[in-house]
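The structure under discussion appears below in the form of structure tokens.
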Amino acid sequence: MPMLAGIPASVFLFWRMPVSGNSLGTLFRLTTFGESHGPAIGGVVDGCPPGMDLDESDIQKDLERRRPGQSRFTTQRRESDRVKILSGVFEGKTTGTPIGLLIENEDQKSRDYTEIQEVFRPGHADWTYLKKYGRRDYRGGGRASARETAMRVAGGAIARKILRYQGVEIQGCLIAMGPEQTDPGKRDWSQVDKNPFFSPDSDAVARFEVLLDRCRSAGDSVGAVLEVVARGVPVGWGDPVYGRLDADLAGGMMGINAVKGVEIGTGFASAGGYGSQMADEMVPDAGQRDGVRFLSNHSGGILGGISNGNEIVVRLAVKPTPSIHKPLQTVTTSGQGQIIQTRGRHDPCVGIRAVPVAEAMMALILVDHFFRHRSRHALFPKVD
Amino acid sequence: MPMLAGIPASVFLFWRMPVSGNSLGTLFRLTTFGESHGPAIGGVVDGCPPGMDLDESDIQKDLERRRPGQSRFTTQRRESDRVKILSGVFEGKTTGTPIGLLIENEDQKSRDYTEIQEVFRPGHADWTYLKKYGRRDYRGGGRASARETAMRVAGGAIARKILRYQGVEIQGCLIAMGPEQTDPGKRDWSQVDKNPFFSPDSDAVARFEVLLDRCRSAGDSVGAVLEVVARGVPVGWGDPVYGRLDADLAGGMMGINAVKGVEIGTGFASAGGYGSQMADEMVPDAGQRDGVRFLSNHSGGILGGISNGNEIVVRLAVKPTPSIHKPLQTVTTSGQGQIIQTRGRHDPCVGIRAVPVAEAMMALILVDHFFRHRSRHALFPKVD
Amino acid sequence: MPMLAGIPASVFLFWRMPVSGNSLGTLFRLTTFGESHGPAIGGVVDGCPPGMDLDESDIQKDLERRRPGQSRFTTQRRESDRVKILSGVFEGKTTGTPIGLLIENEDQKSRDYTEIQEVFRPGHADWTYLKKYGRRDYRGGGRASARETAMRVAGGAIARKILRYQGVEIQGCLIAMGPEQTDPGKRDWSQVDKNPFFSPDSDAVARFEVLLDRCRSAGDSVGAVLEVVARGVPVGWGDPVYGRLDADLAGGMMGINAVKGVEIGTGFASAGGYGSQMADEMVPDAGQRDGVRFLSNHSGGILGGISNGNEIVVRLAVKPTPSIHKPLQTVTTSGQGQIIQTRGRHDPCVGIRAVPVAEAMMALILVDHFFRHRSRHALFPKVD
Amino acid sequence: MPMLAGIPASVFLFWRMPVSGNSLGTLFRLTTFGESHGPAIGGVVDGCPPGMDLDESDIQKDLERRRPGQSRFTTQRRESDRVKILSGVFEGKTTGTPIGLLIENEDQKSRDYTEIQEVFRPGHADWTYLKKYGRRDYRGGGRASARETAMRVAGGAIARKILRYQGVEIQGCLIAMGPEQTDPGKRDWSQVDKNPFFSPDSDAVARFEVLLDRCRSAGDSVGAVLEVVARGVPVGWGDPVYGRLDADLAGGMMGINAVKGVEIGTGFASAGGYGSQMADEMVPDAGQRDGVRFLSNHSGGILGGISNGNEIVVRLAVKPTPSIHKPLQTVTTSGQGQIIQTRGRHDPCVGIRAVPVAEAMMALILVDHFFRHRSRHALFPKVD
């Protein structure tokens, strides 16, 4: 047997590159771990200021919005998603030390994985993960599973609380599902939490229900477009040239599972327009924080990579999940052609549960830029 | 006079946060400096492997494609954009040390800036920069100027050469200009460099000319949609979960001046579709590098944040420049309302010259992921 | 009551800077969390390659060497320090995903902390933490406690296993304790694990015992000098200019609790010598890996920030713990003078248990440089 | 001829890992480029706040202290070391954009390098660089040359000016040269700039002169011990656990060419002492900034990785340069044994000119921690 450094060479055969890049942020940093079918998922929030009231309910509240099984329109996987805080909070307040977070996985059904073990599910990361790493936890999506996003929501809940003290509020909604659109004229943010789709247009709810019931019976799935808005962000957050706020938001949003497009403000539609329509004109207005009012917000609150004081508006395209009951052509790990039909509980529209995830990503990106901005802004009290 | 630490307090009045974030990349890192109206712009490429043939012409070639004044459809600012290599190359080959790059600014017209000095140009970064930093080089866009992108192109040229040795080719084009579209059915990549618009559809060229001539005479501008493609990227580049290739590409592209949207593969259109249409089915194919052929490429070459072996396809929305001759309402630095009309030489469609910039960003992001992948992949020769 | 953003201003009174910087490494990264008196401490290892055999016993083995209460010469705090792996290992092998590690704290005595709650222990971080963060977990050292180093040892155990496959072995020892020295002429590495002091000189053991018994009865403590050696590191690890291997080792070692000095090779003694003595001369030697033998190793295996193929030799100075029974002058949190005498179980020489911690830090720094080196070295098989 | 991707395989033969790691700092970042015998060296300072007065003389002043050829005790290489500011300063004040710095190399003697081209100078980085990169600029130390430190001094000058506005002053001196010591009892900081050795003890100057004259005539060199002190650093700079101020200072100092040891406060001597001697006791003192006075400063101003308000005291061991006229055994690049004698102009004690470099490193590390601290400290004006 061939030996390397006194060890059988076969030992090395599956050494490939690790899954790295599990941290997000510079001054406020979230690091996560855990697979969909392991004992637990967890995270570490590094950079939360000391002295803030924090307990598990602050985080649980946001987790509930993402939790599966809350309506018949999402997966029926049963996870109570109870988060535990393991460190960083003392006597009800943050100490400034890293906050360890843990959620135990409950619904790890002991079932037969043989089928998916040896076949690449089209549209999933099975193929790329196995090719890259040489092995994978075949019991589910493993690290590529959307289960990881529970930790983004948990970390985002802490980010959000910090931002709230700065007067910043973040809200997301679903503005289109497959071919069905909400009506921009009927957008009412107070409706978002009153229906299972996070729809801001209550009239669209019935159409969404019909669409999803149709998807479910057809064994198919649909995509969605989400919008996330941050209100109250002051002028000045964001670092040019490569640390721009828009760049970081785009990167953060595109990094959510199944997202295939991101736009800010008027976005792709601005490409089809004229400069005379798209420049956000300004007028003096003593009633505004900075004495200036913008007559429009095509820029989505960001100019030159820096917040301009308007609402920050980001939209995301979420692709339809490829976990469908319809037969699809695929290939086995040994290279044979095969037909696959996903069975079991899956979200017919993953875009719905992506709403709280997108809000969390917005919060995580913004709070990091808040700290980056603050590190050197107005070095002496007299300024501003 | 009030004193702080023995120094007049007034000294501190304009101390605000610096422009940071001028570096891009982890293992292959570009750092840039320089303003549009300063003596020079420059950059440092850190992480280029030693032993590669490199001289200034390798970089100049790409700079020529971005250079202003090459057709009547771009700004007439005269810059020869001659790049000098100051370090990192010895006897015609890279040494592996950082490559210092310098381009002197030539066309710094000594003119009267009083007008733009005291007024915020709508849609520009004037407002956000002054609010954030308390001062700015009012002779032009300063650091927010698209002039900085010359350095991205220079750094990208080096990245591109490394990638070429890996069999990776990158090409960009303009697929829509304002309301005018190219025809997907007539897309011919060999046409791209044969017209001043980087259009892959030669039939669209005449329509683009008409549109731009109309813009110019109306003193208006138009947006554009670009597409950038990377061919030959093997399976496996990209780090989940937060270091995903799609996230980094989205961040990089959104970080280009005037870009307001980014999509990968089918992008926003996938949100409107069904899972049964959007899953890229796979079949065995001995003729392919990995023994597998995908029947479609809705995913744009990236699954779970990792390249899947198909073409990587990214599209960008570029907004119309707000530098137009039409009158716009705005505000002066002292808070008065004013009407502004931009004068002088400007690109009626900044999207055109953004094509080589977008190619460069694609190259910079990809080469960094190539090195990140390589650092730990297949630790021993037997693997793969 | 004054309000800020609709929230009572008092809420903000203790908002200060968070404890950040809880991650170590670039491509192989350890992030830790947890306080000495919280429910648990934990860590995340991001960057371990897939396919390596790993179970809890691999880590436990190293933790045992650091564990308190193993001889009468260390603190009697009772912690079984059982580590749990929460993710990243599947079917006995690493998957390449982040490895979540958890150790529950057992010995959190519910006692009266009033005394130390309101007084700054001299030589401890109480003063700097409270001044910086505005609050602290007064039940112990909190995040500044050496308990955190258990996680460095756990992460280091994984790093070490990777290095072992590369032929690299790391070993540390204690070469001086307070005024007592080991004899360089009697240094025998095989003795290190045979005595409770990690002494390489068996003759020194009796002297160390006498010294510590004397310390204990006097209620005093002593410092120590440690040496850590890495054998088998090939030529080439380390990045000039600011990412030098020696710089990173020095930073890592100085970052261990109570360390006040670091030297490499001949270290401080080389400052007192002549160039003719300190240059490590080289001669051809076909028996060596690189065909060259060095006649001495004053450089401690590093030249120009890069490993030169010799043993890497680092020495650390560990100060005596200030937790002593002798009366010391100090100040209360309200600014009053007070006399303090530390009670209870403490290590009379923290340098002993710092040996496995220093080995772990060496492993963590080296494995990161191994990956950094590997990312771009010898891009094609023909090289080397 | 073997081909890879259509390119002759020989092209790849010298592709090895690049020299990376040419940036220092997180929020205040210096990136440098340039070799000792190239056209120029340069740097980019990213993170300088806007509004600070800055011109080239601010930087030149510090460069003069490091410049060669200022006394007969340093190398006679003639470099005027005139720095040019290429960006980031407008109308005499920093704009907050990156500051590009350039120094042209003047004394690039066109001489015969054949001898050193094919031989490894003992104690130099020739061996490790060639082994790592496969090629090097053999006309001098290239990137490993101490010439690079001119850029550290330039960047450090800017850092220093920022710190000065915060009330922080940095000063370095040489406290030992080879076997000759300064007398701690005669230390007078005002003497440091009055002799060519940066000696704080004027009585030692004559002894240093004798020693160096002896070295020169013997063709030998000596090492040195430096001390650098920062006065006025407030309590609270530094991030535990891995971003500690002591760790970063140790890494920064060890990263200076020829440094082989770093200690803080009492350093290695504290390892030989007892806890009852080494704990810095505290007493109330209304005259102090924080109401507390420390009775000693064994900790060198840092406790738990955070500044405690005392002077920060760091000492460095600089090895004697191996560039000596005495014959040394070495090896050629083709593996033959050879005797080498360095000719030409070299510093007999490189420790002298390392003093301004060490000051600069102290400034660079401190200013970064100042910004890191400031980013989240005292989020609201009421605090502190």
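For clarity, chains are labelled A, B, C and D in written order, and residue numbers in each chain start from 1.
The definition used in the following text is that a contact is a pair of C-beta atoms (placed from the backbone, for glycine too) under 8 Å apart; a residue touches a chain by one contact, two chains touch by 3 or more.
No experiment lies behind these values; they were computed from the predicted model shown.
**Student:** Quick check: more C-beta contact pairs at B-C or at C-D?
**Tutor:** C-D
**Student:** Counting only Cα atoms for the centres, state how far chain C is from chain D in Å.
**Tutor:** 25
**Student:** I'd like to verify one number: the distance from the centre of chain A to the centre of chain C, where each centre is the average of its C-alpha atoms, in whole angstrom.
**Tutor:** 36
**Student:** Let me have the rounded angstrom distance from the C-alpha centre of chain B over to the C-alpha centre of chain C, please.
**Tutor:** 44
**Student:** Would you pick out the residues of chain A that each touch at least 2 other chains?
**Tutor:** Touching at least two other chains: 4, 12-23, 27, 32, 47, 49, 134, 143, 165, 372, 374-376, 379.
**Student:** If each chain is a dot and touching chains are joined, what shape do you get: line, ring, star, complete or other?
**Tutor:** Graph shape, chains as nodes and touching pairs as edges: complete.
**Student:** Once bound in the complex, which stretches of chain B touch chain C?
**Tutor:** Checking each residue of chain B against chain C gives 26-27, 47, 49, 165, 371-372, 374-376, 379, 381.
**Student:** Would you mind writing out the residues of chain B in touch with chain D in their complex?
**Tutor:** Residue positions touching the partner: 4-5, 7, 11-23, 27, 29, 31-35, 38-42, 44, 46-53, 86-88, 90, 93-100, 102, 133-137, 142-143, 164-167.
**Student:** So in the complex, the part of chain A that touches chain B is made up of which residues?
**Tutor:** Answer in residue numbers: 4, 9, 12-24, 32, 120, 122-125, 127-129, 131-132, 134, 143-144, 148, 176, 178-179, 215, 220-225, 235-236, 238-244, 246-255, 257, 260-284, 290-292, 295, 298-300, 303-309, 317-324, 326, 328-331, 335-337, 351, 372-380, 382-383.
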